[in-house]
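Chain lettering (A, B, C and D) follows the sequence in which the chains are written, and residue indices restart at 1 in each chain.
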């Protein structure tokens, strides 16, 4: 993939970046909580919040991917349509673990 | 909780900090992948890796918490034993979502 | 949907029925374990086995659905393509909970 | 474990049996939906409902187990306390998959 590739998520890129920056800050906050010996349950609550935020980003990216990349491949047909679907299913299986 | 509180995770604090720093770096890496227009499926794979790493940290913290804080409360008995268990169950329900 | 509708899973219908019959038998076995006062952890292990079996069936059905119904709608285009994708994403979100 | 063992879930046994019978009926209903060629998404929705019902039963059993069996072992102390906790953590890890 080259640096200027256009993907399903490109139109929402700024919004995804904003959310990923928040997630990065939350991850840093969790390290700080452990550093400062915060109560385990409060650390676990924060980890669950980050996990939920990551899942929300994943679902958005997946939807963008299915509606652009996978749908385009389906329209073209041929082996690439199957490959794109296999690849998406593998991602879905990882997300649903 | 004061700054010098001793928790179930305290003996492994350095190890948890090391893992949380890695997770923070992975989160930063995901933002960079989106910034550089990387392929959606590769971004999703990285998000799954961070989610797995967070789950592993959660399970470690939960085990430390059950074996120290919740077990201590069980030994003392009384309403605090029930409260600690309720609190731990709420954390487990969030983790199992 | 009429009784003779053809769906993505139709070619594997017998195989899905076989797996669902096994799952039904496992569910009955769990009720029997509780009836016979089996050890809680053994009951939990069996519930996890059924949950995994159900997830495997879900992933198979989802893959069949995406590769037939959703891909066909993508090829036809129009609002139905979007509707089919929205509907599939809602199912994926429920599976990933 | 003998047939008349008393477990954490014993006081709620009738309620668990009622819920597990419902789950067994739902599993049978899913097989019937596939038999009758129902729409894939509707089958997936029903599978998600059964999975949620199984998770609710698991969480109940786990809570009963932690508050009785694991807490009793914690009070007695010794290697059995550790074994019971390890066993419970393994169950939690399977539930959180």
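Couple of notes before you dig in:
As a convention for this text, a residue touches a chain if its C-beta (ideal position, glycine included) is under 8 Å from a C-beta of that chain, and two chains touch if they have at least 3 such contacts.
Because the structure is predicted, anything quoted here is derived from the model rather than measured.
Farthest from subunit A in terms of Cα centroid separation is D. Centre-to-centre separation of subunit A and subunit B, using mean CA positions: 19 Å. Taking the mean of the C-alpha atoms as each chain's centre, subunit A and subunit C sit 24 Å apart.
A separation of 30 Å divides the Cα centre of subunit B from that of subunit C. Under the contact definition stated at the top, the residues of subunit A that touch 2 or more other chains are 55, 62, 88, 95, 97. With chains as nodes and touching pairs as edges, the resulting graph is a single ring in which every chain has exactly two contacts.
Chain pairs that touch one another are A-B, A-C, B-D, C-D. Only residues 55, 59, 62-63, 66-67, 70-71, 74-75, 77, 81-82, 85, 88-89, 92-93, 95-96 of subunit A touch subunit C when the two sit together in their complex. Per the touch definition, subunit C reaches subunit D in the complex via residues 1, 3-10, 13, 16-17, 20-21, 23-24, 27-28, 30-31, 34-45, 47-48, 50-52, 54-55, 57-58, 61-62, 64-65, 69, 87-88, 91, 94-95, 97.
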